[in-house]
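Chain lettering (A, B, C and D) follows the sequence in which the chains are written, and residue indices restart at 1 in each chain.
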């Protein structure tokens, strides 16, 4: 190595330091704003749309005069669906951008990697993703941690309630025997485990399959086993990529359970255009049709399309919107960014969300601040997802049984 | 002159060791993750120096993660002990498997190591009572309670240890043995090199390093899962780093890892939507125009400037 | 590329044994056999073009699956705008992806042929990244799939009811194998490709234009995999990462078959498909199907190397 | 007392018999030539004796020790050195390191010792500038390098597989001298060569192979007149 090499090294370091200092200066110049730091997987449609919905909410709030007379400033960092990148994003937002509140979130696996970093700063965190109860265990005792998305077991409990209500309301519907087909990763498996506990009064059976998302896509052996089991209800827990092929393969082997339920985090854009979609029940927190019963949802829908010329396609879009509004309103109520006051204000949240429900924070099994607990039961009818439960937000009556036509 | 040769190394070492003193948590976090990848890239290259293209990096990384976490949770040893245990498990498994698979060459070896990594993940997923199944296991607390400076130093120790091992490989008879095996295995054999012994040795050592990296990663981020711990990222990114930096040397993969680690973070902040497109394009362009990698290009450039000055 | 010549004697025996196994399975687990042939057909079909590049150009094309994914998108959007069925869209896809393949070859691969071998691996990795991310930016990660009623048409045979359409993959794999074999043995370009694959230097000595051969084979392979993407779309959703698992699967299958051995890619694909379907057919053991794939792969590769060393 | 002895060596590849009933001895300080038309099994014979291929049947002895099934690196330790027909220098090593391979692993020397050994051997072979990269060497130098690497393992028996091929007459002369000097240090040498003048000038005794088996044996003058040998070579010419 010669002096040349050293000089080059120095130049690189000088450049690196310049970049860091430059970023720091840029941030420091912007003192008057209230800073929200969002961490989302921008390469995935869930994170991309949530980030856009957050920008929408921030723009609306700022246009209306901001919060406490100050403008909101939104910092969005991509976690690339990797725990190490997520953790780095926490550190970046906390130490370089000096955000006041953390928002965002999608995958549990990434969030588990972010939590140690979040715990270092103990800033107020309002999270919309990460449903795994492992995350709840990791978040025990954090008074500054608010979790909006229902935990996996809450979702299960919610469906127990939903199906009980539906059976009471519509005596034609009878469920005692259920078959669960779940994708073999963390998402499907934990969902299945939770369901076994939640639906312990049913006769349950289940089998994993390999999701098309991970190179699978042949569900016929599982579907055949389900058919042999002859369930009153068939539930598959997988991803959007599984949706249409699952229906086609069920049709191929002639499997038409009275209730055909799909529980992906989002549906493919053109699922409704397939005749096979008719009568398929889906689980979720939101569907576009909720705008028919919720003015907030209608407003969100229109504003999102107006701003981005695309339709919100996942429930993470309204969740992201909710995320910003909940934080902004709490800061407004608290009148300050001081942590304890903000926590207290967040605890008093009562926000009519575009997801239909009003959001409040109450204790869950392990943590003090759990937001939504209920899911919705939806059904594809004539190409649209309609809410059939809770009855309060219902947009249509259930159609029963599933015919596979 | 002799001392001047070591100046860049000393400066590099000083900067690396004191990095947390003048950088914040964010840069420490990024640097720590980059050093993990650096360790993987370098260990992958160390095996490649024998001519064997290993695709098992993610597999041994994940195996080390699981071994460390399971020992830590079930026996309650010190985190450091469990990390070393993770390395030992990965190394011993590699040793035993190596006895069988190191008769293979070229892409047959590559694909077999990839398949073995796949088998590790599926087997671990299918024993939920021990391993937590598809959801994996969570640690009650992370190492150093997540303090980034200490975490950085821990990872730095692992990375430096790997660099030292790599340099030992480069400066001893191991270098001659591995290079001769890579260049012409028949010549190596006929010249007295116990090819199989060296291959098994390097495979075990590099796998153990990957296992240690996995154990560290698991302790830093506090969990293991089949999807996360065996992610293809732990194979493909180190591979890209080593190739971009320049293979068959210590400093190529090191430079490649540092450059790509910094680049990916920088691009992500500059181009929130679509940075991977640019990242991929940069990889393509660099490898087209600098076929010997960054370190090779630097060597060539230095050689030219030497020649221009009439030196030697 | 040793191809068909090696096939004769050993393969006849293999064929008889496999036929026996097939008959037994037909009686014991008919669905595992049917569905195994169908999913194995898809594996084999996608792997064949990759085997062509690996055998002739000697490159592990890590962007293989991404080209298939792009082919599926091509067919999808062609369908949206013109109403063409994906199976018909295979024809324009062939043309479009031949051009895309040629462009990729001329812009990237050709410039890396003289570089160290592994550079080409990294190069195709970069191309794969660009391809997947391009799709993500253009069409998001939300999966797309057209509705096609013929894909779930079924057949009834006695008490058996099974999908008929998915045999299109099985049949296509065999047809493609036959066409490729004919191409490689009967045409000038094909014979040149075989020669180049066996010994590039020797081929150059006898006057074969290596660069043109590489260009042709690479374009052909990408054209095929683009068209196969359209066929893939008939029964699968397309999304940016839809292709990458198939790169790995194809690579595994080719390693199982042995480089340059196209027929074994197809038989190996069928075998793996049936083995997977067989494991899946047992209740409660579905989680082990991946292990079967990998275990068969490792066993065959190790077994072959052992046989070679003792022979 | 023979340094090397084989008994009915046979090596088959599938149905092809490459070497058949190969029995010969190599005496101390002897230079033995192995000749035969292309495909006669010369290189296969060396590969079997040096351990790259295991024999299908037959036995090999190095002095008193049987080495029939010893792996190649062990045979190298025990005293079998060889070069390769198509030279395969280790291109990513320097010339010195190429020679060091033999010293390090064949003779089990330490690094420092091996560097010195490489220098000595290079000097013996008139190979200069040994810290050059292999790509800078001439054909002759690469041939010397091959021999040097084999010598560095301190062999009792040295197999030279067509080392003279591709050399001009001056170079060949230099190489012949080098080989004689090696023999004078007590190494038994077995050369495979196509150039008949080399065989004539260099060898004490010749073994003629055809179709994998020995068809003639004896001093060059005798075997070159053997009608079977002439037939074998003429057959090749046609």
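The rule we apply is simple: a residue touches a chain if its C-beta (ideal position, glycine included) is under 8 Å from a C-beta of that chain, and two chains touch if they have at least 3 such contacts.
Predicted model, so just to flag it, every value in this text is computed and none were measured.
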| item | value |
| --- | --- |
| Chain of greatest Cα-centre distance to subunit D | A |
| Which of B-C and B-D has more C-beta pairs touching across its chains | B-C |
| Chain nearest the overall C-alpha centroid of the shown protein atoms | B |
| Subunit A-subunit D separation of Cα centroids, rounded to whole Å | 72 |
| Averaged-CA centre spacing for the pair subunit D and subunit C, given as whole angstrom | 47 |
| Computed distance of Cα centres, subunit C from subunit B, in Å | 31 |
| Separation of subunit B from subunit D, taking each centre as the mean of its C-alpha atoms, in whole Å | 42 |
| In subunit B, residues with contacts to at least two other chains | 125, 273, 276 |
| Touching two or more other chains - residue numbers and ranges from subunit A | 43, 48, 184 |
| Where subunit C touches two or more other chains at once, by residue number | 133, 136, 248, 287, 290 |
| Overall pattern in which the protein chains touch one another (line/ring/star/complete/other) | other |
| Footprint of subunit C on subunit B - complex, ascending | 48, 53, 100-101, 103-104, 107-108, 111-112, 114-116, 118-119, 122-123, 125-126, 236, 239-240, 243-244, 247, 273-274, 276-277, 279-284, 287-288, 291-292 |
| Interface residues, subunit A side, partner subunit B - complex | 1-6, 9, 13, 16, 19-20, 42-43, 48, 51, 76-78, 80, 82-85, 87-88, 90-92, 94-96, 109, 112-113, 115-117, 119-120, 132, 134, 137-138, 184-186, 188-190, 193 |
| Sites on subunit B touched by subunit D in the complex | 172-173, 176-177, 179-180, 182-184, 186-195, 248 |
| Subunit B residues touching subunit A - in the complex, by the definition given at the top | 4-5, 7-9, 11-12, 15, 23-30, 32-33, 36, 125, 133-136, 138, 142, 145-148, 217, 220-223, 225-228, 231, 233, 262, 265-266, 268-269, 272-273, 275-276, 298, 302, 305 |
| Complex contact set, residues of subunit A against subunit C | 43-45, 48, 184, 207-210, 212-215, 217-218, 220-222, 224-225, 239-245, 248-249, 251-254, 266, 268-270, 273-276, 313-314 |
